[in-house]
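Letters are used for the chains, namely A, B, C, D, E and F, taken in the order the chains are written, and counting of residues starts over at 1 for each.
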Amino acid sequence: MIIERISTGVEGLDAKMEGGLPRGSVSLVTGKTGTGKTAFSSSFLYSGALKGEPGVYITAEEREEDIKGDMKAMFGWDLDALEKKKLIKFITIKPMFPGKAITGDEVARLIKLYIFDLSSKIESAVKETKAKRLVLDSISIIEMFIKDEYMCRVAMIQLTDKLRELGVTSMLTGTVSEASEALSGGGIVEFIVDSIIKLDFVPVAEEFKRTLTIRKMRRTDHSIYIHPFDITGTGLKVIEIK
Amino acid sequence: MIIERISTGVEGLDAKMEGGLPRGSVSLVTGKTGTGKTAFSSSFLYSGALKGEPGVYITAEEREEDIKGDMKAMFGWDLDALEKKKLIKFITIKPMFPGKAITGDEVARLIKLYIFDLSSKIESAVKETKAKRLVLDSISIIEMFIKDEYMCRVAMIQLTDKLRELGVTSMLTGTVSEASEALSGGGIVEFIVDSIIKLDFVPVAEEFKRTLTIRKMRRTDHSIYIHPFDITGTGLKVIEIK
Amino acid sequence: MIIERISTGVEGLDAKMEGGLPRGSVSLVTGKTGTGKTAFSSSFLYSGALKGEPGVYITAEEREEDIKGDMKAMFGWDLDALEKKKLIKFITIKPMFPGKAITGDEVARLIKLYIFDLSSKIESAVKETKAKRLVLDSISIIEMFIKDEYMCRVAMIQLTDKLRELGVTSMLTGTVSEASEALSGGGIVEFIVDSIIKLDFVPVAEEFKRTLTIRKMRRTDHSIYIHPFDITGTGLKVIEIK
Amino acid sequence: MIIERISTGVEGLDAKMEGGLPRGSVSLVTGKTGTGKTAFSSSFLYSGALKGEPGVYITAEEREEDIKGDMKAMFGWDLDALEKKKLIKFITIKPMFPGKAITGDEVARLIKLYIFDLSSKIESAVKETKAKRLVLDSISIIEMFIKDEYMCRVAMIQLTDKLRELGVTSMLTGTVSEASEALSGGGIVEFIVDSIIKLDFVPVAEEFKRTLTIRKMRRTDHSIYIHPFDITGTGLKVIEIK
Amino acid sequence: MIIERISTGVEGLDAKMEGGLPRGSVSLVTGKTGTGKTAFSSSFLYSGALKGEPGVYITAEEREEDIKGDMKAMFGWDLDALEKKKLIKFITIKPMFPGKAITGDEVARLIKLYIFDLSSKIESAVKETKAKRLVLDSISIIEMFIKDEYMCRVAMIQLTDKLRELGVTSMLTGTVSEASEALSGGGIVEFIVDSIIKLDFVPVAEEFKRTLTIRKMRRTDHSIYIHPFDITGTGLKVIEIK
Amino acid sequence: MIIERISTGVEGLDAKMEGGLPRGSVSLVTGKTGTGKTAFSSSFLYSGALKGEPGVYITAEEREEDIKGDMKAMFGWDLDALEKKKLIKFITIKPMFPGKAITGDEVARLIKLYIFDLSSKIESAVKETKAKRLVLDSISIIEMFIKDEYMCRVAMIQLTDKLRELGVTSMLTGTVSEASEALSGGGIVEFIVDSIIKLDFVPVAEEFKRTLTIRKMRRTDHSIYIHPFDITGTGLKVIEIK
């Protein structure tokens, strides 16, 4: 059985995972703040768009203009132009304060509605754009919204199953706090995704170093090394150690 | 007294446990995400099916087609064909959102119903297929559903007693979070099972290593070593150290 | 004042505690899962029965047939035969789900009833069999049932006082979770018992080692060493270091 | 100003604290289970009684006969004889289950009553026996009963003030759990007492060692060493290091 | 694309971040108590004012006169004179006790009002003074006020979006407790800001050392070193290591 | 700008902080039990009184006679005589049990009243005695009384602002538990005070050592060393290392 591979768009990374992410799989890109998760997932959509594969970028926390501005400033990528060519579609699902306090009795129903609504938005965008790639940045605020551990696990299962049904290759970004060794803020989504790529920024003596690890990847004989990793003027890059 | 042994299907492992798992026992296969628990328990059913022993695979989180696809991609195993020959039966018990919030007064009753229902499904499937082997992947979402520690322990006792009554040799998979040294997510099921096999994926210098430990096994003089362990193109394998 | 000593039934252990457990005392046998607590307490009853001292085994979690089967398989001990000779009596107090949720107002009353009921069962069994030895396996599920720390301490005081009144020499088994350095799951019973024997299973380099420590023992000048400890084909054994 | 000193009754210890405990002070004797707190506080009363100073022993958890039996077995001390000579008086304040659940509104009132009642019992016993020394074994169950941190601190202040008013030199015993570095179970009483003596039982390589530290003592230039400490056939003893 | 850079006012620091903070960005200045956060953010406003760029200083905890007095005493800076010249405007938003307890149902509404009110005050002050720079000292008390993690994240997103809309370059100060490795007290704001500058005061042998780290900065190839850092008689200074 | 300095009364310490505490500032003297906080703050008032500067000592936990007795016994200081000369005034604000349970709705109002009442008592005492120095021993019980983190921070701000308004130079003592690395029990007051002096008692090999650290001090170029520190027969003393 041959697994179709989707390039990550990160220099030197595809070779560490038999050529790329399995088509249709759901990956978690996880790391502390400032480790490059947004740049990583933008690379994924950008490199796809350059090959003519449409992508959807769902932003739940940052403003579209900030993401676009960052990519332009750091790497010279013109996401606006790609959006005009219908190769990247941005969707903002800014979280809102609940209209009123939610009583115990309505929590389950509200979460069901929330996940249903998010799934519908994703489905429309994917169908409309014929997207092959999708980024959901970040999953963490959804984990925070659904406080109950069991309901969070159910919600994550339903959401990732929907993504797999749609056939898109997806990246979810997840944030972990500074002092944490965890793979995700809520400790749930890590069990549901097909792949985990962990970005880190670790103090070594008087300096910080960037690293990237493929923590798991289904159907793939992936690298088990902790790779040095760099953010250069043209994009992200795994550094080869001779 | 001679204990009948059931092969694990993992190369090199039976020799570490007097020939295999005690027939009729309940094992916990535990580990962090990406340590190979699903592949491990699939090996167990697959190797049984090849010898004509029917098995039941109950999946509570992953989709049947994903498990089947993974096994085909990684090891070339055709679980679909075995299912058609009635040698492996897949049952999906996808967790659902509760219809409405559960008030304090109904929790005990609901958990009783849940365990009764799960036990009934297991019983029917085992009887229908004359299964000798069973996998429940994973027990963790059940632990999450039953939040109360005491009620979880009672539920686990009832569930494992039912499995022992049915005479199947069972494997439960359990997930632990990345930073945890625990044997199970809820810290309960580890006391109830007959055997624990722990899979790990641990950083050693700039690299990750896979290991397998038999943490306990009733009626068995088992290995007490931390074994290096590999996932190869043909299945799982304990690496012998000369 | 001469303290009468009761042999533990574990090879090499009595010599570490002035000849054995003080008659009428209550001991806690504590350890993580798979450290041999059930085998340890069975040795105690078995060796007593061989000398004609009747014993009571109260099992709160495992099935009688599993305990009996384990002892037969591991050590060739025929507990069934001893039960027929009225030298060992098994009592099962399988924990049940509460019939309905317990409101705040009924908790204290329910716990009082629970302890009263357990004490009565113990008293009848001890009187009926003229038992000299008693095992309660395990105390942990009782600690879990009584969630309140203060009420748990009161319950443990009442239960151990009852055992002392009855004149039996008792062993309670207690489970601690894998990553814990605690002496008991709830952190209460350790203060109430007369003796604590801690079994451990600790990783040393690439291997696990079994150890036994006498953590406290009233009226006894006990060993303060961490002893290597073995489970052999004929029973448990403290390994002498030359 | 000359501080009158009361001997601890522990060989070699008075010399580490300018001759003994300040008359009228309240000390906490703290340690994990099995570190010798009961033997320590019994030494204090026993040595006082031998000099004709009456003492009161309040036991909140252990049975009088067990304490008396232990002291006889370990050190040959006949506390019964001293009780007959009215030199030691034992009072048992076994904790009970509350008659019914305590609602929020009654907690403060109940705790006030509890402390008032305990103080009255102490006052009567001290006045009746003209006690110069007092042991309260243990303070921990009282800390557990009063769950609220603020109310616990208030209760501890009132209780120790009462002891100071009565003019007795007091020892409270406090238990800490195995893995804890704390000075008391609830983290409150340590701030309220005049002195803290910490007993420990610590693993050193393959062995456990007993130690004693004077952690604080008002009006006293006390030792700041961690002293090796022994329980011999005649009593407790601080080991002098040459 | 050229990013306009705003000097931090800290000697030697701009060179570590391509010339300064990106215009319009929101930075978090984080550290334990006494690490110099107020001096750091005052430097930022002071250096701007000297170049004719107006700034707003919002103080939520300290008194205006204390901040002004500190800057005068430490560095000789006359913030009062700058305020008279309308180059720095101080606003005090001292937190108040809620008038009455807030029931579950009003929490969301109250937080919305709170953030709306704070945003309005900021908007008026920025527009009135034509401010280019803004300091909010500290964000931590706002995190404490909004206890719910999800609502805190939403509030932080709305607040920082407002600051970006207004076009000011902003610094938020955040406090972390002594023993913490976290980047912010509530663990939320660190994910929302564009830049994080971490000040520290760490024990090295018998001495404490001040350090500064640029933990993240959008659109900037920033230093990844842990820089020694000093508070001198004329201001803050990054120490160059030869 | 010249900062007026108030001597701490501790030998060798003023030289570590440009001559003393800034007049009118609020300091936190923090440490575990038995580290000398009461002696430290008494030195401050005593040395002031000797120069004719009146001081107020507010004790919230210890009895006046105990503090006076301790100072006499340890250092020969006659605080009673100074109180008669109206140079030191003791005020006891012993914490009481609440009359009845406080419902959610009254918490905010009760805390406001509590802080208002404490502030009034302080104001009267300071005005009556024309105090220049003030000690509040300890702030920890107030932190415990106000459980809510946000309200505690507000209360601490209001209390310290009141002290600054009154013009007294103040010391608050704060207790931290044994195993803690925190600067204060509740983790709040450390952010509100102008200075923090940390006393410690740390195990070094087989011995405990006393140390003193100036953790922060506004408007002051203070020592950043961890100083050995001693309690001698005449008072407290920072030990100079050659």
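Here, a residue touches a chain if its C-beta (ideal position, glycine included) is under 8 Å from a C-beta of that chain, and two chains touch if they have at least 3 such contacts.
Only a predicted model underlies this, so the values are computations on that prediction, with no experimental measurement involved.
Within the contact network of the assembly, the step distance from chain A to chain F comes to 2.
Between chain B and chain D, the least number of touch steps comes to 2.
Greatest Cα centroid separation from chain C: this falls to E.
Summary of the copy comparison: rotating chain C onto chain D for the best CA superposition needs 60 degrees, to the nearest 5.
Chain centres here are C-alpha means, and the one lying farthest from chain F is B. The mean-CA centres of chain B and chain C are about 30 angstrom from one another, to the nearest whole unit. With centres defined as mean CA coordinates, chain D is found 59 Å away from chain A.
Contact of a single residue of chain D with at least two other chains is seen at no position. Contact topology of the protein chains: cyclic, one closed ring where each chain has exactly two touching partners.
Traversing the ring of touching chains from chain D and stepping first to chain F, the chains occur in the order D, F, E, A, B, C.
Chain contact summary for the complex, chain A toward chain B: residues 1, 3, 104-109, 111-112, 149-151, 153-155, 157, 161, 164, 180-183, 187, 190-192, 194, 196, 213, 215-219, 221, 224-226. Residues of chain E that touch chain F in their complex: 33-34, 61, 63, 66, 69-70, 72-74, 76, 94-101, 103, 138, 140-141, 144-145, 147, 175, 177-179, 201, 203, 206-209, 231, 233.
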